[in-house]
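Next up: some structures, all given as structure tokens.
Note that chain A is present in both complexes that follow, paired respectively with chain B and with chain C.
This part shows the complex of A and B:
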């Protein structure tokens, strides 16, 4: 009896401790998410009759979404963008940077600081900065470099739009990847490497059989964070291309924005946002389950 | 302690006074430096005549971004008291949403309105029969061509008689000069321009010149719409129109501000503003002696006829939920003054709606615009209806598919019809 009372008092105390975090979470995250689900089942709009008198349309927006070629195109573009920039670009370069920093070579601190610099520029500022480098015409930085090398130049954001956007996002995310992976590397006990060395393991074997397996939880945690955050990248892509040319860089976040705030269809845009939320959740669950990472 | 309390009370009193002062402040939304410069003298006149403070709030410059911010604020109930609407095709939808205050009675009682050309007054009337906007300037659109480029190549500068004639002229330009022969704005990046500055030029001369039926539905399945998209397709397939720039984020910049002044694009649809803002004295890349070097053709009809497209140029409107509704309506009348019309015409190049400007020496000095203003009443225009924004977006999507060579004319028409049906409901399309 006394134990039960103690347990209940402890639970109430825990709840009181959690309340400061739970209230903003409920008001700023859970309620808007639920409201988006409701909104996605209406024809709510920013203008026209639907703005004055929105009506319930059930799953109509979802049916329309799944028959919209631009929506499927945005999912494909998002897939390429996430795989290219978060999973391949940021991870590979971030991992190399983390390994390089671990070796304490000359200038590694300068290298570490330099690789973190892209995070100092806000998304939109970084976007406009890159426009000046990738724009058409022979005055753009990249074109000048190509001309100096005697190579042909192009309007890079028109000719290779998705590749360029992916490259810029890779540039921007390397620092975060490097920090997370450096933390993971520093958690690998040095004794394991010493034992392996005494057993005659070469650097490649140590990397494949010690570093990678012991880093797996960190790598998967990084993958989870970077995948979900890259799916929601908006400012950088919008500043660079606005989703163009011809939808070639219209990632899901830009698609949702265009539907909601360029075509003014809030309900339809909300349906896109709900699908993006479900995709992000599914990916998160898949990552966590695949290695039983404790998050 | 007493000082602290006294200080606090003083702060509260000052904030109350500030609130009272705010009740006499009119917030005005504007975008683009040229628009702000043109309106500033009018703002000063409003302040002087109405005894209020006019706060000009600068909004994002591209029309689409401006509308996004304005509509979001209107929906949230915190929009400015007075604002201009860059795309006249958005007016009917804003009326349906309940954002605009009716001003028909005020305009009827205002002496200056009787001098407005009939076409401006007709364009200002919404589908419900009420007037919600001040139609102070008009956009008079035609096809503008590089007379010097054509004459040098020995190509006729005579008015084309039909679409086929226009297309042949564009092919001849391409063959003899290498320049692109003709541009009709297209694609989603151009926003409302794909409809208002492109599609509209052709549909008014087609076999179905109006797309709004008497009962307010959209007639988009007709042959006229199909033929318009076929015209686009012919331009694109024959490489007569610069396609790549139209798929970029600011599609007007390269063709209008770079290619046309260089003579790399020989003809394009445009409005009277091109003589002032795009290539004239207010341009960053002006064409010397622009009115001689650049000529105009009326839009030819599909088989015959000539059309000059008239539309409202960024009409002013009053926020229906304005805390200063009566003051805002009085300020709206000042936006229709001859002074504001002339100042806007001088900065941007739109055509004043009032015939009274013809007697004003300041307007007579705008020699590029005087003959266009005199002819403004002969302009042709498209009937408006609630849902026009969706048609505009549908046209942008359909023409983008043509630009990307993903479909033919019939496919483009299907994209337009499907988009409008999905957005407004099946019953909205005839």
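This part shows the complex of A and C:
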């Protein structure tokens, strides 16, 4: 049929338009992802004997990885970092800001812009600015503030490194959480609140019984996305602490980087990378499924 | 309404102000330090009022450091990558929107999943691929270039060269841009194109006369997000560039910061401010698209 032939020709044309996107993604993302699985089964290294003649070592790297306390530590650090900043910190503060901005507030756009500004800061700038807030013992800005308030100060990045790194990442993501949750809040019909007010519901009841349940899908989606994107945070942590002191802030991406580019053990680093890839992919699949994407 | 003006509501509004002020101070304080330190003749690690106001720090970024070079390198690589992304995602997004073929759905799921892969995890194999490509390019350039070999490889090399960084930066931004463009073209009625087809326009004419004008807002959004994300990227230039002539702003800032024994906070704050400003400008334009893109184009 002529129509079929036309349709086929059209699809071929469209595929050709997609090729410039398909090729770089295949060569620079898909292939490296598969290649890292292979690499993780070799003893490839940047220096030494293994660099000249990499050998196939099977699951050796994984056995070593799973008995490496530093690897488990990095998983634990990543878990605290993600839960603390993406799930709790950004979400709670972002939600509070979104709720506050729902009221008639003079200068709400100024507040909104201020809260969004950290979002615009590149990771390295964010790390650098927070060095001023936290590093240098009694010289740090936070210490000066604490002293002025008559409170005890500390060498923040040495004494509470993971908490501080988590707080800085929280700082960076409050804005996105606020924007998303504001969109979710404005989707809740006002009639529902009015009806509840007629029935004599207090604000707390309205929040627990109306706002939260109706927002649940938005919140779930937000948490999935922010979890996945927080797992891949690198520059912020690297600029602030480079994983230290003593691995206390070595999130998985910094761990992989240190193994591969500081210790030069490419094969071993790749095994860590594969674990990170599998975890992210699993979360990504959950995300895609829950989106019920219309394609 | 009875409740609106009650003292209780007033208390809630006051609470909202207090909360917003505290959150805003938390968000702004690091910026305040950076801005003040960058114009302070005697900047310190901690927040303080400038001893005397000066633009000396900014002048030094360009005069004694390689600031102009860093800025130009950042701008050149990131803008090139952004232009590539806009072109490729415009074409690809159109194809993804209009196609009914079997590959459409797997491809769309694929680009959503690619977005979740942590880039540190892909770095080592990526580096090896680029190294191979770089050697190939090297053996191509060497016989032609002679003594200009190094200079030319800095342009077209895949490792320690502009080309490699631009291509990898662009590829990283493609999934989101493709998604934005696909969703955008879904909202563009096919009538215009069909009319053009009936008038006998070829595909190229259709793209040029009908689709590009229609797609401009979508391309702007895709380009803005690509620019912001590539501008903020620290990992790729850190790994891919080593020549001082090729350094970009994030690496310049990072390296200047590592000279531990002679930390010059005024200078660092000036570099960081220069690096921050284009990001803030792009972000202020991109803000209105934030909700749609974050959810990956969900409906309802």
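Worth a mention:
Please note the rule applied: the second predicted complex is superposed on the first by the 247 of 295 C-alpha atoms of A that agree within 3 Å, B and C clash if a C-alpha of one lies under 4 Å from a C-alpha of the other, contacts with A are read in each partner's own complex, and residues count from 1 in each chain.
Throughout what follows, a residue touches a chain if its C-beta (ideal position, glycine included) is under 8 Å from a C-beta of that chain, and two chains touch if they have at least 3 such contacts.
This is a predicted model, so every value here is computed, not measured.
Once the two complexes are overlaid on the shared chain, A:244 sits against chain B while remaining clear of chain C. In the superposition on chain A, A:261 makes contact with both chain B and chain C. Among chain B and chain C, the chain that touches a larger number of residues in chain A is C. Contact with chain C, but none with chain B, is seen for A:121 once the two complexes are overlaid on the shared chain. Of the two partner chains, chain C is the only one that A:18 touches; chain B does not reach it. Of the two partner chains, neither chain B nor chain C is touched by A:230. In the superposition on chain A, A:42 makes contact with neither chain B nor chain C. When the shared chain is aligned, chain C comes close enough to touch A:179, but chain B does not. Of the two partner chains placed by superposition, A:166 touches none, neither chain B nor chain C. When the two complexes are superposed on chain A, the residues of chain A that touch both chain B and chain C are 136, 261.
Touching chain B in their complex are the following residues of chain A: 45-49, 51-52, 64, 136, 155, 157-158, 241-242, 244-247, 258, 261-265.
Partner chain A is touched in their complex by these residues of chain C: 3, 12-13, 15-17, 19-20, 23-24, 26-31, 33-34, 37, 44-47, 87-89, 91-92, 94-96, 98-101, 103-105, 107-126, 128-129, 167-168, 170-171, 174-175, 178, 203, 228, 231-235, 239, 250, 253-254, 257, 265, 268, 272, 275-276, 279-280, 282-284, 287, 290-291, 294-299. Chain B contributes residues 64, 68, 71-72, 74-75, 90, 93-94, 96-99, 187-189, 191, 244, 247-249, 254, 386-387, 389-390, 393, 400, 403-404, 422-424 to its touches with chain A in the complex.
Every residue of chain A that touches chain C in the complex is listed here, in rising order: 11, 13-15, 17-18, 20-22, 24-25, 27-33, 35-36, 39, 93, 96-97, 99-101, 103-105, 111, 114-126, 128-133, 135-136, 139-141, 143-144, 171, 174-176, 179-180, 183, 197, 203, 221, 225, 228-229, 231-232, 234-235, 238-239, 252-254, 256-257, 260-261, 266, 269-270, 272-274, 276-277, 280-281, 283-285, 287-288, 291, 293-295.
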